[in-house]
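Letters A, B, C and D mark the chains as written, and numbering starts fresh at 1 in each.
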Amino acid sequence: MTKINILEKPKLKNPILLEGLPGVGNIGRVALGYLIKELKAKKFAELHSKHFFPFVILNKNYKIKLLKNEFYYWKAKKPTQRDLIFFVGDCQSLSPNGHYEVMETVLDFVEKLGVKEIFTLGGIAVGEIENKPKVYGAVTDESLLKKYKKTGIDFSAGEKVGYIVGAAGLLPGLGKERGMKGVCLLGETAGFPIVTDPKAGEIVLNKLTKILNIKVNMSKLDGRVKEMEKFIRKIEELQRKALMQINKEDSAPVLEKDQMRYIG
Amino acid sequence: MTKINILEKPKLKNPILLEGLPGVGNIGRVALGYLIKELKAKKFAELHSKHFFPFVILNKNYKIKLLKNEFYYWKAKKPTQRDLIFFVGDCQSLSPNGHYEVMETVLDFVEKLGVKEIFTLGGIAVGEIENKPKVYGAVTDESLLKKYKKTGIDFSAGEKVGYIVGAAGLLPGLGKERGMKGVCLLGETAGFPIVTDPKAGEIVLNKLTKILNIKVNMSKLDGRVKEMEKFIRKIEELQRKALMQINKEDSAPVLEKDQMRYIG
Amino acid sequence: MTKINILEKPKLKNPILLEGLPGVGNIGRVALGYLIKELKAKKFAELHSKHFFPFVILNKNYKIKLLKNEFYYWKAKKPTQRDLIFFVGDCQSLSPNGHYEVMETVLDFVEKLGVKEIFTLGGIAVGEIENKPKVYGAVTDESLLKKYKKTGIDFSAGEKVGYIVGAAGLLPGLGKERGMKGVCLLGETAGFPIVTDPKAGEIVLNKLTKILNIKVNMSKLDGRVKEMEKFIRKIEELQRKALMQINKEDSAPVLEKDQMRYIG
Amino acid sequence: MTKINILEKPKLKNPILLEGLPGVGNIGRVALGYLIKELKAKKFAELHSKHFFPFVILNKNYKIKLLKNEFYYWKAKKPTQRDLIFFVGDCQSLSPNGHYEVMETVLDFVEKLGVKEIFTLGGIAVGEIENKPKVYGAVTDESLLKKYKKTGIDFSAGEKVGYIVGAAGLLPGLGKERGMKGVCLLGETAGFPIVTDPKAGEIVLNKLTKILNIKVNMSKLDGRVKEMEKFIRKIEELQRKALMQINKEDSAPVLEKDQMRYIG
């Protein structure tokens, strides 16, 4: 049960899918969140799933909000640009196999909208950053390596880690099975997964907008990230608390052995 | 596999769904349990699910009872009143994704009965109550905020917590996706999840009956709650014991390393 | 994915379903195992499920055997007797929701064979047995209470425990939803779940054969139980070891924090 | 959701299925990996599943690779040989019930290709090897025992262990339900599950090629195993790290009790 509610059916020409869900440093989340606002991209679909946390969050202290992922679109203004679909949201799947189910649902949906290329945005936690933070990259096809190497993306991500968990990796991985091409851009961040890193978001965004031939005013990024961070942190904190509550319900006080009486 | 057995097909006019499953302080459970008895609401359907605990309980020491959720209905007696559907029961889902599956089954069912409005009842554990316990509220639509603010509901629930786990949150959250409106009423309770709080149940019930234009004699509440609590506590205790048994079966005695011989 | 392979289609007249899967004291398992051999009941179907442990066992040291549940039938020899279906096997479901799925599959199957009555056999662990071990009982209908009280079954099981986990409880519980009547017979046993208790098996078997008007020579019970126990213990031990292996695979050596480098 | 992408539809005559997925000592994995290269077997299908780890791996530091299982075929060159299907891959299922689902999908697939015989390859960890390492065997049918006993396979595997977890056991076990015959060959290895044992791979390969009437030059085995091991170890390490990350996300910092405020 992963449902997509379609709010509008945009006609898009050869669109590129951009993904930015919560993850290491929340880099994809803040980068695309900023881009959506700056480009005034329009929401056209919402996704919710039984694989998300079984709770609602309270916005503005009183408004019930289901956990969701969202789709936005933006139409190219110039011939050098491409139509874009943004895939962002509150959370990723709670259970391991849920990741696959949600991503397949997303791919079914965007395939019908004509998507043949995917960019996913994420972070790579390196412990300590020596000099200027880098953007690491990974691709589904050799041809993409050549194409994007000249943009200054460092394609030695595998030396630092070796795997990409969740949407940022599975979308291009599963997309390739459908003949799509995928690029994953990973901003180097010193931090821990629960700390949002706006600087890493900025360097990834710089790389992405250059590739997409889009000009975006970055001056408001810091302020926006702080705004977004408040909301992202809240959900993260709630997920941690909810997990605690779930685990608490799952663990029982230890009864003395002689109190143990059960039937089978 | 979540099944609804329909015992009777009531014809209802624009009914409101009221939910009160076990949760913090069991507030919804006792409030609606009392209201069902006082209004002589009639049971018309039962729900059971593979997502509930895999055991039966023994009523009156000998009677095998499947864990269930139940639907009751009550027809309006006056023009100022509305037909009501009560959704109450023994338990909520054991697994996280089960919550979504059971709630979608409930919404499919009540949607066909004409439900467009949902009230869920729950508790909010605040550690310590300074003065008179409050009823906190959360809504799916701004318009509901205006409508119910005058009833004295405190719509700053989000300051105290920020999320609502399980049926009390998911029913309005998922219902909104179907165009339903939802209100969640949360009685302030000092206590711990496993302690039933009849006082918090009473204040929530007072608010709810005022909204629904129903008069209910509250004098029997204390006695009834004690009665109900016995049963609720029993199920809670059994769930804890059963979880212990399940976990016990899942954990093996630690063998010495040289005893470890396995095949793969 | 719970599959039933049908080996033979017996024509049965108003058959009773008897269940004896592994559980507390393995009482149902040894009691029905003995009865099947003594009555020369015939195997007619096998059930396997993705909810069982994901391994095969090695019989006679070399023969690959899938974990299974089995169905046997026996036809009444006298007018006072009834046709019987035995449901026994190697194991129960590993996951909580698997119990419901497997039991519904069993009920779908036996319903088509005309089953309207179910007897499940199990154990009740009481810590210490003061005098002669008792047979406790639980029923789905008041009418059954009256009918079987005179056979000396103690219907105060709920005082000792309060719930019945797995097949012994769910089969009558879910069966009742289909209009079937169910009785659960529980032999009092001092022991722990992993110790087979042939004496408790015998007292349950005595009660059951009296109810079913069947005469069985009990003299070979002790020997047979020892034989069966070897096999039951083996599976139990293997399940514990396998769980350990599964859990071992699931737990990773703790890396130093600065070694932690991941992508998302 | 277990998907098989078919790259080519080979016409095979009475083919034998050979399985070698990661497991104890990675014996099956290295043995079949070597055989595939030596025989120049051709890949004709790929399988991926929601039951695998929810991440992609980075090949050559930059190439996104979905976790997969793969099918290769090889056609007999002589009348004494048989057509072969190789089933190998990166990983097995993460969840217990996933094992059954993936194996049933594999059996559905190879059944259509005419498979009636299965050989699975694995390891048996015995702690310490006294003399020359042995190949243990298990079979689905008595007739196979007679046939293969003369090849020097030791059919007392059950004395050492008693169960076979995952593909190596479930493929012949579930295959038997479809009328297939199965043999499991287990190389004796001293080691721990995460250490690849090329010697045990060699002895199993020797046995297998003798049975299949295939001549393979073993001189390159050591080099190839080292090559393969690098890749296998990487995935294993990543799975351990990923599991750590998943578990880390699942565990919350312990809040003080008075900080606990939740809603239900």
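In the analysis below, a residue touches a chain if its C-beta (ideal position, glycine included) is under 8 Å from a C-beta of that chain, and two chains touch if they have at least 3 such contacts.
From a predicted model like this one, the values you see are computed outputs, not experimental measurements.
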- Taking all residue numbers at the subunit C to subunit D contact, is the shared part over half or under half, that is, same or different? different
- Task: Going by C-alpha centroids, which chain is farthest from subunit D? Tell me that one.
- Result: B
- Taking each chain's centre as the mean of its CA atoms, how far is subunit A from subunit C in angstrom? 47
- Using mean C-alpha positions as chain centres, tell me how far subunit B is from subunit C in Å, no decimals. 33
- Two or more partner chains touched - positions in subunit D: 98, 157, 161, 163-166, 169, 193, 241-242, 245, 260, 262
- subunit A to subunit D touching residues, read off their complex: 93, 96-101, 104, 137-140, 142, 145, 155-159, 161-166, 169-170, 172-174, 176-177, 182, 184, 193, 240-245, 247
- Item | Complex contacts: residues of subunit C adjacent to subunit D | 1, 3, 5, 48-66, 94-95, 98, 234, 237-238, 241-242, 245-246, 248-255, 260, 262
